[in-house]
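Down below are the structures I want you to see.
Two complexes come next, and they have one chain in common, chain A, joined by chain B in the first and chain C in the second.
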Partner chain A sequence: MEATDVKELEQAKTPSAIKVLLKELYRDKLALVSLIFLVLVAAFVYGLSIFLDQDQIVTVDLFAINEPPGEDFILGTDYGGRDVFGQLIIGTRNSLTIGILVTLLSGVFGIAYGLISGYYGGHVDNVMMRILDFMNILPFLFIIISFVVIVPDYNTITFSLIMSAFMWMGIARLIRSKALQERELDYAQASKTLGTSNFNIIFKQVMPNIVSLIIVTMTLNLAANIGLESGLSFLGFGLPESTPSLGTLISYATNPQTLEHRWWIWVPPAVLILILMLAVRNVGEALKRAADARQRRG
Partner chain B sequence: MAFLEVQDLQVYFPIKGGIFNRTVDHIKAVDGVSFEMEQGKTYGLVGESGSGKSTTGRAIIGLEDITSGKILFDGKDITDKKTKNKAFRKDVQMIFQDPYSSLNPRKRVLDIVAEPLRNFEKLSKQEERKRVQELLDIVNVSPDSIFKYPHEFSGGQRQRIGVARAIALKPKLIIADEPVSALDVSVQAQVLNFLKEIQSELNLTYLFISHDLGIVKHMCDNISIMYKGRYVEQGSTADIFENPQHIYTKRLIAAIPDIDPKNREKQFHNRQKVLEEYTQSYNDFFDQDGLAFQLKSISDTHRVALPQKG
Partner chain C sequence: MWKFIVRRLLITIPQIIILSIIVFILAQMMPGDALSGLIDPSIDPAAVEQQRERLGLNNPWYIQYVDWVGGILQGDFGQSFRFKMPVTELIGQRMVNTVLLSVVTLIFTYLIALPLGLISGRFNDTLLDQAITGYTYIGFATPLFIFSLFMLWIFGYNLGWFPTSGSVAPGTEPGTIAYWLSKVYHALLPGISIALIQVVSTVQYLRSEIIDTKQKDFIITARAKGAGEQRVYNKHIFRNSLLPIAAFFGWEITTLITGTVFVEKIFSYPGMGLLFLESITQRDFSVANSLVLLFGTAQIMGALLSDIILSIVDPRIRIK
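Let's look at the complex of A and B:
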């Protein structure tokens, strides 16, 4: 068979999962707008932060304390005379990075854990699920707070790692229940009789069949994880002020003076985080519908 | 030495219950089955649903855990899962009942048929594609369709893709678990004749699991009738159809429909007679639990679970 023939055949394939997802997004205008907004914000924030110097922005300037928005500072300054706009850009970048990193790290580990547990079943499943139950009952806020004290170099990477260690259980449980179903299906059994190794059956045969579930869950987790970081930072156990994030900016509002008179410090990050989470959620919901043929609009 | 020998195979499924999820009882899916197979022949395994015929096949290939008993393949003991090594996996393949679920919906035909090849043979992409196209050609599926997905095929085509996958490694034994029960009658004949064709070409041995006596008669050299996890009768096709000894077999054979309306009355009376015999001698042929007795040889090829009293 000639190479051209092969190429033509490949183009004649049925719509792939990705195409269905894109079609669903296109039908759901709100989700489409959300996606475009997300891409723009991400591009803007990551692009602009290359030119901004984090150390310079977080340096205290006593001559420019609590300036309202004006010519020098687009969004004014905070109580340390630091440019709020610069902090907002870098903070959004940090928050997004943490959200994505935590989602990926906890997702990858949780998916592998759930697949292995569900696929093998029996005693393996029992032991792995009891370990998961143990992780679940740990008071993770308390432990994160302890870590904050112990870890000397506290930045986006270490914070993501600590958070991921406590965020993988939900997705692991979900994937495990699906893997339990899939392993009983004939195609998985057939692979066994064909001499395929368990590792290959799990990751090459079973996983592609639950990929839509994985995409949907990870997207919805992303929204939750961005929020969680801000929540922790707001409580004072997230990132330090030297690493601005949306949460640290909002936490300035714990000062009644700031809350009442200096709206420019906390309103923009609060609005931004609200819109970000909503947008991610909209996209996630559209993906969720795309994964289920009965709910599709497209 | 037999090609495949099964000795007193038992497969029990535990029934869990109670507070601590203990095993309270067992379902005896396969309860003491023994048989031998010779190379190049087709062995039928017939029984009503739930009689353990599929479980027997799945236990041989290693999809079910064996409670006790022994399976010898080419003289080697392959009872334990760990002893089912690569050579065994290559020599014994399975055709599944449901062509809609036995092919991974996310994989292209190329990947599906090449899966066993990738596990056992190191082929270049070009060689692999060529082999897959040859196999598809053998099973009468257009070799151009290697980039299609399973849902783009009809049931018959899918089952034949399943067959192509099963014969890719040139196995010695194929366990066919109701390979045509999900197909249209017209397609059934197509697949069955095709299975017979490749049997003589590749000197295949089939363990043909089915509940359709007509198909079994057409396909098999040797037939075993199974009931509640035990064999009730075993013999050559002629033995079973011309000279059934067990009442259960007699009833099964009486139930084969005859399409000639002239024989309708005759058939009806015949069935009535067999039913009467069945109800009358039920207690002779089955023990208190409704299970069949041990098989006894009544000729060189024919073994029947006759009443203990004789």
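Let's look at the complex of A and C:
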């Protein structure tokens, strides 16, 4: 008797946020294809880069400068005689890694900031939002570039930290407005009355309730961060040439000769970034629809 | 309304002060100071020290900050160490180009965005609308620098329709009509490149605005009175949907500033964005910092402008 009750209850329960998201992904074939593509690309570049030696690939070889695609080099070589295909693989890996790292770093900070600001409301919210407003009006591209130049011990980690420091505002604002609504709901009020600590309410009760919003925003942020990282590397203020990113490869096209006559150096990474960003966005948009019951397809 | 505008104006003062403090801190963290660009390394260190004392470089930071702000208020941004000329003069030369590029971009942005948004909203869910929505979807995911490179490659190099670098054809006499035509011609391809990417958010916004307005009561009333389809769209829907678009104008400045940096680099277009990149790579920090300050101020002013336009257009905002 009791067992069936539990079973019925289980069935009546609304499906978990993660389940809904996955279901929508499955319904939207374009998003599903994009997701599979992304997983394959990631597996390919991370898998292959184990066998590729980054130092060897970025070593200058003066006897093989600017060679067009051929037998020795699938995608030819750049102005330093470096294999473009190898750089493409490593560049994709580095771009993905930085993109994910920045998304996580800025995400964790932004989510915590938004949750705290929204949950406490009142003066706390007021002060925290004013700080956020000030961050928002900064010309962030220029400030990131300035920091990149003056940071003494510059490497992948510091670069990610600098980028994250200016990329958390969007998600924080979004989470804050959601947390403001959640704190008025019965479950949060009840927990408060029962004496649950604020920390527990914020991170163990409110946060799980807005997890779909978090996943959606982080996915869309990933696309934006990959774009910004490759943009900065393109300008020469991202990853150094010894750790090539997709943007580094494209930046060789600022040489008119390369742009006009050596398409094999810059077209593949440019097209790859485009496809990667579209794929991430397809997944993100499908998740966004899933998170909003009114727009769901299935 | 005046109360709102005055309040909104007052907020910009602390914003600009904080921006200036951040730029000042950045400047302090950068190696070198106002003197390092001017002196000959062989000069006696004691004399250098004397100069430092005279220029106030040994003062505590808050006095230096006040001096620095005082200088800027009088239009003195310091000396460029690379060009050995006042920063104000240097930026002034480049500003003409960037302003021209921005104007060209804005003209094309609205030339493209308005018709696309109107068609897409009016004939929503038709094939045409789907094509436009597809364009905005892809445009949203496309990084500007990649798109501009392809534009330069196709229209600059392969088809040869546009110049591939610079802001004016060499040898043209400044001030003549040919000179200005050449300037506009050089700004066309970079401007169109930014515009084609920048329009997507405006098109999407205009589309959903029009679809929303279409179902409102006053439109039904207009139709019931017998207004023709053309009149309903041009007089009733378009005017209502256009107002928020006008308010976007100020915020476009932010995307425009970021956009010009990439595009000026790609098209070797000598504007302020390229100047910033050059100065920071060659450690000409007084120029770079002044530009950060200028861009930041422009961004704050843009947001201010948008909020004021919105408050005039939409009375609900004033009450908040």
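Throughout what follows, the second predicted complex is superposed on the first by the 281 of 298 C-alpha atoms of A that agree within 3 Å, B and C clash if a C-alpha of one lies under 4 Å from a C-alpha of the other, contacts with A are read in each partner's own complex, and residues count from 1 in each chain.
Convention: a contact is a pair of C-beta atoms (placed from the backbone, for glycine too) under 8 Å apart; a residue touches a chain by one contact, two chains touch by 3 or more.
For clarity, every value in this text was computed on a predicted model and none was experimentally measured.
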Of chain C and chain B, partner touching more chain A residues: C
Partner chain in contact with A:K192 - chain B first, chain C second, else both or neither: first
Partner chain in contact with A:A253 - chain B first, chain C second, else both or neither: second
Contacts of A:N209 with chain B and chain C, given as first, second, both or neither: first
First (chain B), second (chain C), both or neither touched by A:S230: second
Which of chain B and chain C A:G122 touches, first, second, both or neither: neither
Sites on chain A touched by chain B in the complex: 1, 5-6, 9-10, 12-14, 185-187, 189-197, 205, 208-209, 211
Contact footprint of chain C on chain A as seen in their complex: 134, 137-139, 141-143, 145-147, 149-150, 223, 227, 230-231, 234-237, 250, 253-254, 256, 259-260, 266, 270, 273-274, 277-278, 281
Chain C - residues contacting chain A, complex: 15, 18-19, 22, 26, 29-31, 137-138, 140-146, 149-150, 152-153, 157, 164-165, 254, 257-258, 261-262, 265-266, 276-277, 280-281, 288-289, 291-292, 295-296, 299-300, 303
Residue ranges of chain B in contact with chain A within the complex: 61-63, 86, 89-90, 92-94, 96-98, 101-107, 115-116, 119-120, 129, 133, 143-144, 146-149, 151-152, 162, 165
